[in-house]
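Heads up, the next two complexes both have chain A, just with different partners, chain B and then chain C.
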Partner chain A sequence: MTEARGPIVQFCFDRVIPVGTILLVIIALWYVFSVVLNAPFERDQAARAGTTIATSQLLHNTMWQERPVLPAPHQVAEEIRKTVFDLRPTSKRSLVYHGAVTLSSTLLGFVLGTLLGILLAVAIVHSRTLDKSLMPWIITSQTVPILAIAPMIIVVLNAVNITGLLPKAIISTYLSFFPVAVGMVKGLRSPEIMHLDLMRTYNASRSQIFWKLRWPASMPYLFTSMKIAVAISLVGAIVGELPTGAVAGIGARLLAGSYYGQTVQIWAALIAAALMAAVLVSLIGIVGSLVNRRMGVRS
Partner chain B sequence: MAVVALQQKTRAAADLARRNVIEVKDLSLVFQTSDGPVNALSNIDLEVEAGEFVSFIGPSGCGKTTLLRVIADLEQPTSGAITVNGMSPSEAREKRAYGYVFQAAALYPWRTISGNISLPLEVMGISKEERRQRIARNLELVNLSGFEKKFPWQLSGGMQQRASIARALSFDPDLLLMDEPFGALDEIVRDHLNEQLLKLWAKTQKTVIFVTHSIPEAVFLSTKIVVMSPRPGRIHEIIDCDLGAERPLDIRETPKFLEIAHRVREGLRHGHSYDEVHA
Partner chain C sequence: MKRSPLAILSLLLALGGLILPAGGDGGVLAQMAPTVIFVAAAVAVFVARSTFSLVALLLLVHVGAFMLLGMLSSFAAAPPLLGYWCMVVAAWLLAWLAVQRLAEFTVTSRQLQKLVNLALPLLFGAWLLILWELVVRGFGVPTILLPPPSMIASRIAASVPTLWADFQQTYLKAALAGYAMGCGAGFVAAIIVDRVPFLRNGLLPIGNLVAALPVVGIAPIMVMWFGSYWQSKAAVVVIMTFFPMLVNTVAGLAASGAMERDLMRTYGSSYWQTLVKLRLPAAMPFIFNALKINSTLALIGAIVAEFFGSPIVGMGFRISAEVGRMNVDMVWAEIFVAALAGSLSYGLITLVERAVTFWHPSYRT
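This part shows the complex of A and B:
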């Protein structure tokens, strides 16, 4: 039986069961915490009214509060269902609308960041001077807290009349170029000495060595760093939405939710962002394994 | 004037008949390491004629690989003179005068076997149709026809090394430099590849320089054996190996073969005792 498993069954055993088990554990813990965290409010209410509350009633109430400290999973799920499926995607309350706003700047920032990272890595690998001068600055750039620098970028770009998608995307770029640059420097330097010597015996030019050796050798590094880059691009886009006055995007939903104590809305936006990140990371993983297969990597 | 020109012409023709592919004169190479200078090669004199099969043999640290890498312009000598095809090694490298076979097959893992053999041809700007023909011809030469579409990891170690020999031959260099190409293979595979290499050498008429630390391998393959000794790396003795062109595997049990092998072993021991006296 075991050796005759189909691919779908295999997928269940490899992925669905282990990941699903952890998911169930997380949801169970989440319920426990929402009861514990929301109970004091219910007890306060009862005390104020001069009554006591039965345990079963307490349990029920903690899971259906309007502004809970920690909303129960089904409340968040219900909020997501409502804001995704019940509303038109163009509605200002639709999570699809806000998600799309965030996604577009995430993707633009990610593409720009990846290109910038690759360009920097190529320059660093081919020039000793740039290796010495650029690398410390690249590392320093990431020690500046993004929360501090994001409003500056928005304000400065606004002053030169660049508004809308690009300023947010630039914050994503600022975060996402880093893993790509560092990963690609390592990847472009990964060919063995023997493989480089071989190119030298052919009297290959620098660009031939790059395209026929360094670039293909760096592919596994590129996809690994792109997975990290796309996830932090999303973080960058959300952070970039906070100082824009919370007009649109997942970041705006988070900010608006915290202004009005709409914890369910905050958690729904958070979960939506996490799901989006998971989808983006797995998409890159899929592209990566397709490329790997083309390059003859043993499965 | 005309007479002088004619004389030069005849001399050039005579040179061509038995020209030296490699000439090394009083060559030394010192590596600067953190422990101080290391004399990798010291006062090397060597001549290799066209069509010869020359083996460098010696214990590790004798500089045999370094000497091969100097010929290939992968290392720079500190002093002395060297020519490859009458040019400096770097000019010879730029003219793609030699094919180099490394200790490991060094195939690019993301290229198929035919893609790997195509690599030098692509670098040298050879047309697609010509590449296809040369890949087929050279795979046949090393008995790998039918493995074009396989990736390197799908082949055994011996087959990988044969593919790397096909790659080195694909652009038809006159000189083949081989750095312990069969060192990582088991003895049965090695015997088989030695036989195949001799056939290949007879068929292609190339000059081969072959680094090894196996005495039977050196005697079986070579027309000339260069015995080297370590610290500092130098040539201890050059032994002619005139076993003729026909060499079946069981030539290794003939008295002549054993006598040459004995001389090589004595040479190696002699070269080594120098080391022990000073150690």
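This part shows the complex of A and C:
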């Protein structure tokens, strides 16, 4: 048995040290791979110049290539620092500008999708016809690669003069309402029969049962599925930006980087997207645990 | 007998269909369709609920719907008039009523109940297609915005070889190979992670995070590394499927109860015996959950990766190329193939899951 430790020390042992170690290992591996993958190019350059390259020089060069196969972590960090802090946020090259474009359509789509998902779930729980006829289709449509047709939706909506934020938000809505609908149906059905019977003995109306029992009971399910929904609507927004001729947004940065072989730019955009996803998911997690605590849910 | 407001509304609309002009050149169908729909509405309103009236309603409303579909070709010159739309809405309401009554229909035989449960979503889907066709062609929506289902179906029938070649390239080569490698690697990694608590504490939060990341974003990098053939798509799929499998399997390995594990210990069973005989079977629901999630992800990953560069075959390539040429019906044909492939693989995994986890409470009746 382990001896009793304070909660902070315990947290360090359980989380900080293992996660930190794994992160350090990942970064170390990243450096190793960047040297290994970029070395052939340097050797090739040296061979063309008719010289051989010293190992120390090779190490240095592989980490500072202009267009590396795999950029070293510090190159990506430098690119992010440059595009986030050195440029004005309104500049077309600023990552903040592109991130804001993606974030706005993500959030719009996420809010619309969550509302739609909740509405559908409420309808399904209260209507036997919808439950039996619509629910199988909701599950089936989850197997459809909606993301793959996202570019088509964008192009088609552009053809009828719907441009800007809305088409991308529509894709995010389409993607994010599924997890919310499925999770909320489960959540609204989570009260036990005994509780429902109790409400019936109180002569509670349908709306009273809904607001006083079903809705509070579904809160943990709502936030769990909202976490999935926000992550997937970010993916939808990024993929939705791919075909718009690479104008603005994280997806446009990815596409432009892949056209011009700017690997550092691709990686910087990827890391930015990852950070954004992490922040969004953990924000919803925090709100969720606050709401759950107010609702009296014990973890 | 209580009459539902929906039925009365549909009767009024059907009456409108009888009186108001429908437009078009008025063939035999244009004369018969209003009558059929009116009779269907009358059945819904006036005949008491019974098996007979339900069957009659179902039959009449579908005959009426097919007559409406048949009338569409006569609207080439002029758009349909109000009478036609009255009939469309009436038919839709009646179909809704029929499905509602079918859902409330109590059958004693279990096999018949299964049939009814299967028929409900099928009817719903069929009506989605019927309304799509009626509305898109009736309003003359430009096909570039939304082609009618009949146009998509004829495009599918006309280009089976192309679709098959694309399917082979994207699904059979890229998605399946990546799926197998990603799920396999995730499974093995989960067993290792489960064995080493330090790794579990360190890797799981990262795995949870990565599972939420926009992993499709690595597609351009993979295309740069592995070239534009199917290997790069498989690589994207491997990375996309690895983490859901890892996270779910680790959660599943923790699912067996302490009492059962103690029992295994009293039997003196080794780590591997406990793993194979207790913990892996207990983890199966979680593993199949990951397999299901991954089956969708694999197809998405393979298709999206093709947007960043591919040979001139493949579903993603075809979608982006035909969008550029505004051949939207071909795009929809590819979407149909993708949806079909996705649903079938999902269904297949569900069947295997039922066979493997027959003991799980959700499958016991």
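Definition applied: the second predicted complex is superposed on the first by the 273 of 299 C-alpha atoms of A that agree within 3 Å, B and C clash if a C-alpha of one lies under 4 Å from a C-alpha of the other, contacts with A are read in each partner's own complex, and residues count from 1 in each chain.
Methods note: contacts are C-beta pairs under 8 Å (C-beta built on N, C-alpha and C of every residue); 3 or more make two chains touch, one makes a residue touch a chain.
What you see is a predicted model, and the numbers here were worked out from it, not measured in a lab.
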Partner chain(s) touched by A:Val155 [first = chain B, second = chain C, both, neither]: second
Chain B versus chain C as contact partner of A:Ser133, first or second or both or neither: second
Partner chain in contact with A:Pro73 - chain B first, chain C second, else both or neither: neither
Touched partner set for A:Pro18, first chain B, second chain C, both or neither: second
Touching partner for A:Glu192 - first (chain B), second (chain C), both, neither: first
Larger contact residue set on chain A - chain B or chain C: C
Contacts of A:Val281 with chain B and chain C, given as first, second, both or neither: second
Chain A residues touching chain B - in the complex, by the definition given at the top: 192, 194-195, 197-204, 208, 212-213, 216-217, 219, 295-298
Complex interface listing, chain C residues touching chain A: 96, 99-100, 103-104, 117, 120-121, 123-125, 142, 144-145, 198-199, 201-203, 205-206, 209, 212-214, 216-218, 220-221, 223-225, 295-296, 299-300, 303-304, 307-309, 315-316, 319-320, 323-324, 326, 328, 331, 335, 338-339, 342-343, 345-346
Chain B to chain A touching residues, read off their complex: 72-74, 93-94, 96, 98-100, 102-104, 106, 108-112, 119-120, 122-124, 151-153
Residue ranges of chain A in contact with chain C within the complex: 14-15, 17-23, 26, 69, 128-129, 132-137, 140, 142-145, 147-149, 151-152, 155-156, 159-160, 227-228, 231, 234-235, 238-239, 242-243, 250, 254-255, 257-258, 261, 263, 266-267, 269-270, 273-274, 277-278, 281
